[in-house]
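What follows are several structures.
You will see two complexes here that share chain A, one where it goes with chain B and one where it goes with chain C.
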Partner chain A sequence: MTVAVMKTKAEQSFAEGFNEMRATLPGSAAVREAREGAARRFEELGLPHRRIEEWKYTDLRSAVKEALPARSGDKLAMTIADVIVAIGPLAQIDAHRIVFVNGAHRPDLSTPGSLAGLEVESLASTLEDAQATEFALSGFAGQDSNAVLALNTAYMSDGAIVRVHAEAELEKPLLLVNIRAGAQPCFAAVRNVLEVGAKASARIVEAFVSLPGAAGDGQINTATQINVGDEARLTHVKIAADDGSGVTHLANWFARLGKACEYRGFQLTQGVNLARNQIQVAFDGEDAKLDLSGVFLGRGTDHVDTTLVVDHAVPSCESRELFKGVLDGHSRGIFQGKIIVQAVAQKTDGKQMSQALLLSPDAEFDSKPELEIFADDVVCGHGATCAELDKDLMFYCQSRGIPTDVARVLLIESFIGEAVALVEDEAINEALMGFARDWLSK
Partner chain B sequence: MPAVGSTIEQVKEIDVDKYKYGFETNIESVRAPKGLDEDTIRYISARKDEPAWMLEWRLDAYERWKTMQEPTWARVHYPRIDFQDLYYYSAPKSTEGPKSLDEVDPELLATYAKLGIPLNEQAVLAGVQGARVAVDAVFDSVSVVTTFKDELKKAGVIFCSISEAVRNHPELVKKYLGSVVPKSDNFYASLNSAVFSDGSFVYIPEGVRCPMELSTYFRINDMQTGQFERTLIIADKGSYVSYLEGCTAPMRDQNQLHAAVVELVALEDAEIKYSTVQNWYPGDKEGKGGIYNFVTKRGDCRGDNSKISWTQVETGSAITWKYPSCILRGDNSRGEFYSIAISNGYQQVDSGTKMIHLGKNTSSRIISKGIAAGHSDNTYRGLVSAHRKATNARNFTQCDSLLIGNKCGAHTVPYIEAKTSTAHFEHEATTSKISDDKLFYCMQRGLSEEEAVTLIVNGFVRDVLQQLPMEFMAETQKLIGISLEGSVG
Partner chain C sequence: MLEIKNLHVKIAEEDKPILKGIDLVVPKGELHAIMGPNGSGKSTLAYVLAGRDDYEVTDGDILWNGESILEMEPDERAAAGVFLAFQYPMEIPGVAGLTFLRTATNAVRRKRGHEELTTPEFMKLVKQKAGELNIDVEMLKRPVNVGFSGGEKKRSEILQMALLEPTLCVLDETDSGLDIDALKVVSEGVNALRSPERAMLVITHYQRLLNYIVPDKVHVLAHGKIQRSGGKELALELEQSGYGEFGEKAA
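Take a look at the complex of A and B:
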């Protein structure tokens, strides 16, 4: 029995919005073709809903009520001081900064000059070039059923194309800052491509923040393609820390890991009303190491979803995942993690953990840690826990004269600190904890 | 050679036509015409001499079933079943099969011997003609059954077939049938509700501790209940019952599709312990044939302080699709699920449990051990959920998988949903293979590789084995060895 599905208002306006603005979107004929293909795909797929297993807990069809218009931030009056305010704790890091406002590159707000061994270009400026287009569009193979990604491909306005040269060791972290600004609510589609050459070493932070005074509502759709070369080391952090009252943040990460590389990924999500972080990691060379972790903080009616798929397609790789959530008010946290070990991937070592702290009786945590294993010589495991703050620990703190509020913060900080510490970079760790502390103090 | 090899071969030997691909059977017995429509249901109901309300119930279930679609979410693959190409009723009349034990494949007999099954029971299991009579005559099992029935009667326990219960205890059946697994629960449960053939009915009165373990085994004359079995067990306030289903020996069965429904109701302070050992025909070496086991089992801890415990050992069937669940409705109620699922050859197992916490201070425990060998796929799929009002819900889940060989798959798909902050849920799962060190250690002490694997696997599943009733435990240990035969080397 097939039922004709009514298009929701948001689905319709996303389609209409694309028709209106497609002429103004950057890119060559090939890019336009890709955009139109993606728009058609989105129209076929519609927004994902709970009847689709991977979206069981996050029903975008009912949650996304409208499509906000895309408003480029290239003309918005902003100063570097504004950027410093917007990025908060990240300002303390001595980093090379590339700034985007509402999805548009702002060279005037970015760090001038370049770092040795690093090339950064704006996506919009390279989309005319066929080779660069191929580069920016090819990394999401097999993602045809991903409606959020289709929306990104159709609408992507800008982003960073980052190339770290082989054997280069970046001294400073690279900061890709996306600022939501302006009094008008808007939609922005950003695409970043990170290419880390063989034996190179880099630290890259993607931050999605908002300027005080920005509209309460906003929609961000971001896709990041990550390619870690053989024996390279990449620390990659994404921070979605907003202040808005109705911010939707939909993110796709797609990482390919080369031989014997080390990839450390981390995601912090807070202050976002509706977040879906979808991460896909594919092992492409033996002996690679993956360390993926994250912290999500929710309050009010926040809905934070982390969905990841780790595909062990080659032997002898190691993967570790640790995700921690703190949920207050009526917020809802979701963790779906799937580890696939293919038949050839012998000697795989995989461990996954998701933990949630429920601070209010109305908070909810749904977890679905999956294992899909076809090889026998493997060690794989996952764990999932959820509970309220340990009363014994609270009592212990209080009996030593620590007031309830302070004890609570202390315990929460130590809870999420375990995941943050996995980033193994002092300055970035400190900034991450800074964001979390800001959230806790609100 | 895939394991359960011996079993497969032997069962095939006895009755090769019965296990051919498809659903053709050639029993010469009284049966309803092929296909399913209202008339088939009326026929079944009439054959069973059922009251009008029962027929209405069945027809209503059928109406609902017609609007439903076959579920496809489980990780199992099989050719589409043509539900109009099946027989839905066939009077259990066993006129085919070997004439005596001498005609039975010696290898099958060897398997029985390994399991330590007495000769008379072997005959029944292998489907020897007239075996029941022989059992009755030679081993006087009638008297055993009679003594057993007397004792139950004294305690006030009702233990009979569901058809008898429909006739003799309509008030109980009306009250509880379909109250745990509603008619429209799922595709197979609805099908079962429309055409269920027979099954067990148990009622334990208030405050009674059932004097013995109840077992389908004791109802040996009722054993051929057909493919749509329906079981209903009610434990009234403060009562206790332990129920055993199935047996460790490979069962000969002429039906390829089994869609059973089991409903358990535990009222205040009552406890039900339900143990299953399932060892049906798993299909041949190429994965052809074998039983499709699509079962809906659910227990309802309706009263406060009640407890339901499921223990299952799944070694047979080509496809298993089974999630014995507990609805923890009463305050302080408790649900338990202990499972061993062994798959070998081309078997596909998608099994697990659901623990639905609704009452206050409810607790549940899940221990699942999956062992995959050969070309099989073994999936644990489970749900633990705590409702907003289920304060202090507790769950501990452990699901471990063991892989033997690199052609098989082990999967874990747990859903954990906590809607209250006072819920404490812990879940852990591991997958590994038998370590070479352990194997070497055992073999160094003179065990063959196969014996060593059996020993290690038995250690792996120990937590669950201990939950089985005593007599089952010993047999199950042997069964594990047999099921894994041929999976190493």
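Take a look at the complex of A and C:
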């Protein structure tokens, strides 16, 4: 028996929007087929709602009121100076920048030339090529019930296909900049593929920012496929730092970690009104190390959700997660972290921690750590804390002449600084703290 | 001049009175010691001077240079010259000592109408002051007081005091936890700050400190009141007699 579910206005207009756009979306016949399949899947699934266990804190069906139209930013008048303004503290980093505006690649705003050991192509330009398509779509197996990803596959307009050659050591970080711009609210679906070859080392930052004057409302749907080769080292940062009044940011990361690699992932979310950061990491070779951390800042009625699954499918790997939230006003933070240790994954070492600082009595933090351990020789642990600013430390600072507002910032910075420090890259750390400081000073 | 008049203090959230009518005057240029049994209210007095809001003043007043400081926030008091060296200095994970010191120094300078120090100026000053107190500047790159030994924390308090250049210094058991050499170094640091412009209040349990930091007056605080005041020889006498004579009924 099938039960007919009423479609919400947003679900309907996402479906209608796809029907209108399908002919203009990039890609070969195979890509079109994948898009059609995803659109059908989305129609079946609808937006996730609270009766689905992983979505019980984040009811997209009721929170997403409408589907904004996709409006490509390929023709929007913008200069490199605008890019510098939009990326704020990231402008200080000497990086190779690839710029997208409202989901469209903008070579004119990107760093010309290339970096030794690195190939970057725009997704849109490769989707005609069958092999490239296979590459772009292959990393998302087993995600049939992921409605947000289905929406991404149906709508993806552009993104970056990044290949770091085996043994290459990128001298500069690669910045994938996505700018929300233009006075009209819009939706953008971005897909990035990061392929880091064996023994290579790279730093890649995905940034989702907006240009001053951009519409207050916006919807971003981003999916990133990450493949870290054997013995490779990847530092991967995602920054969602907007300051709109109605910005939705839905993100999926899927990472596969090769043997003895080192993957440092970090996510900063601020100025986003509704965020769902979903992260899935699978260990695919022994002796790999995962360091996953993040900071989320909320105020007003912001709702920021981080939901991650770390799958220890092979022995002798190490995973660490540390997520820190600062919540003011009526904002709400959610952390759901599941660590799976498969029966074969002996000698797993996994630790997870989530911490929130509540700046207002109306702010809320929900934490749901889960350990599913099927092996016996493992060390695993998790913890969660939720606290207010330490009154005694505030007094200590004040007694040294530091005014309350400065003392607050100092203590909040120190709270999130612990997670930011895990990125272990001076320039990127400084930029991350710069974003947080901007948020704190607003 | 510090004037404490009929000061009554209770814990803000309870009805428990701790200070029950303190009267005390410390003129500029003088250093007074406060001694007294555990739990008699010495730290409470120190905290109330610094403006901690766990305590509530139910009666009386505190005047610094003729003006009441009771309505001032702790940071305003610091700018007005009040400094408390804590009995138990706090650790601030994640805030580098140097950042903290520079933020505090410049906040106080700004409020006093002085130019802020540039980073090189500040570094020069901090190196000099830290050197005088035998504090390794490397240690100040670590988070404030985190992982410091008891004695290191006390020295770091005196360093803060030297940088903030207060005019009313309150030292709460700065000597406890110090080894013999550190006691000398800290005492020299304190003596170096003695000046006709400064009033100092030193809380201690040990007469030994007062050999190094010679007080103008010694007061005994017990059961929430100043029970006796005298010269430095009072400390020696207490060493012999203890606090027995200041029994409950004396209050």
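Heads up, the rule we're going with is that the second predicted complex is superposed on the first by the 439 of 442 C-alpha atoms of A that agree within 3 Å, B and C clash if a C-alpha of one lies under 4 Å from a C-alpha of the other, contacts with A are read in each partner's own complex, and residues count from 1 in each chain.
Following the convention adopted for this analysis, contacts are C-beta pairs under 8 Å (C-beta built on N, C-alpha and C of every residue); 3 or more make two chains touch, one makes a residue touch a chain.
Small disclaimer: the values here were computed from a predicted structure and weren't measured.
Using the contact criterion defined above for the overlaid structures, shared-chain residue A:G401 touches chain C, although it does not reach chain B.
Greater residue coverage of chain A by touch, when chain B is weighed against chain C, goes to B. When the shared chain is aligned, no partner comes close enough to touch A:P212: not chain B, not chain C. Of the two partner chains placed around the shared chain by superposition, chain B is the only one that A:D376 touches, whereas chain C remains out of contact.
Applying the stated contact rule after C-alpha superposition, one finds that A:L393 touches chain C and leaves chain B untouched.
In the superposition on chain A, contact of A:P112 is made with neither chain B nor chain C. Residue contacts after overlaying the shared chain place A:E418 against chain C, while chain B stays out of touching range.
The residues of chain A shared by its contacts with chain B and with chain C come to none at all.
Per the touch definition, chain A reaches chain B in the complex via residues 1, 53, 343, 346, 356, 358-388. Chain A makes touch with chain C in their complex at residues 392-393, 395-404, 406-407, 410-411, 413-415, 417-418. Of all residues in chain C, only 50-53, 73-75, 77-79, 83-84, 86, 89-90, 92-95, 99-100, 103-104, 107-108, 111, 143, 160, 164 touch chain A in the complex they form. Put simply, chain B touches chain A in their complex at residues 69, 73, 388, 401, 403-433.
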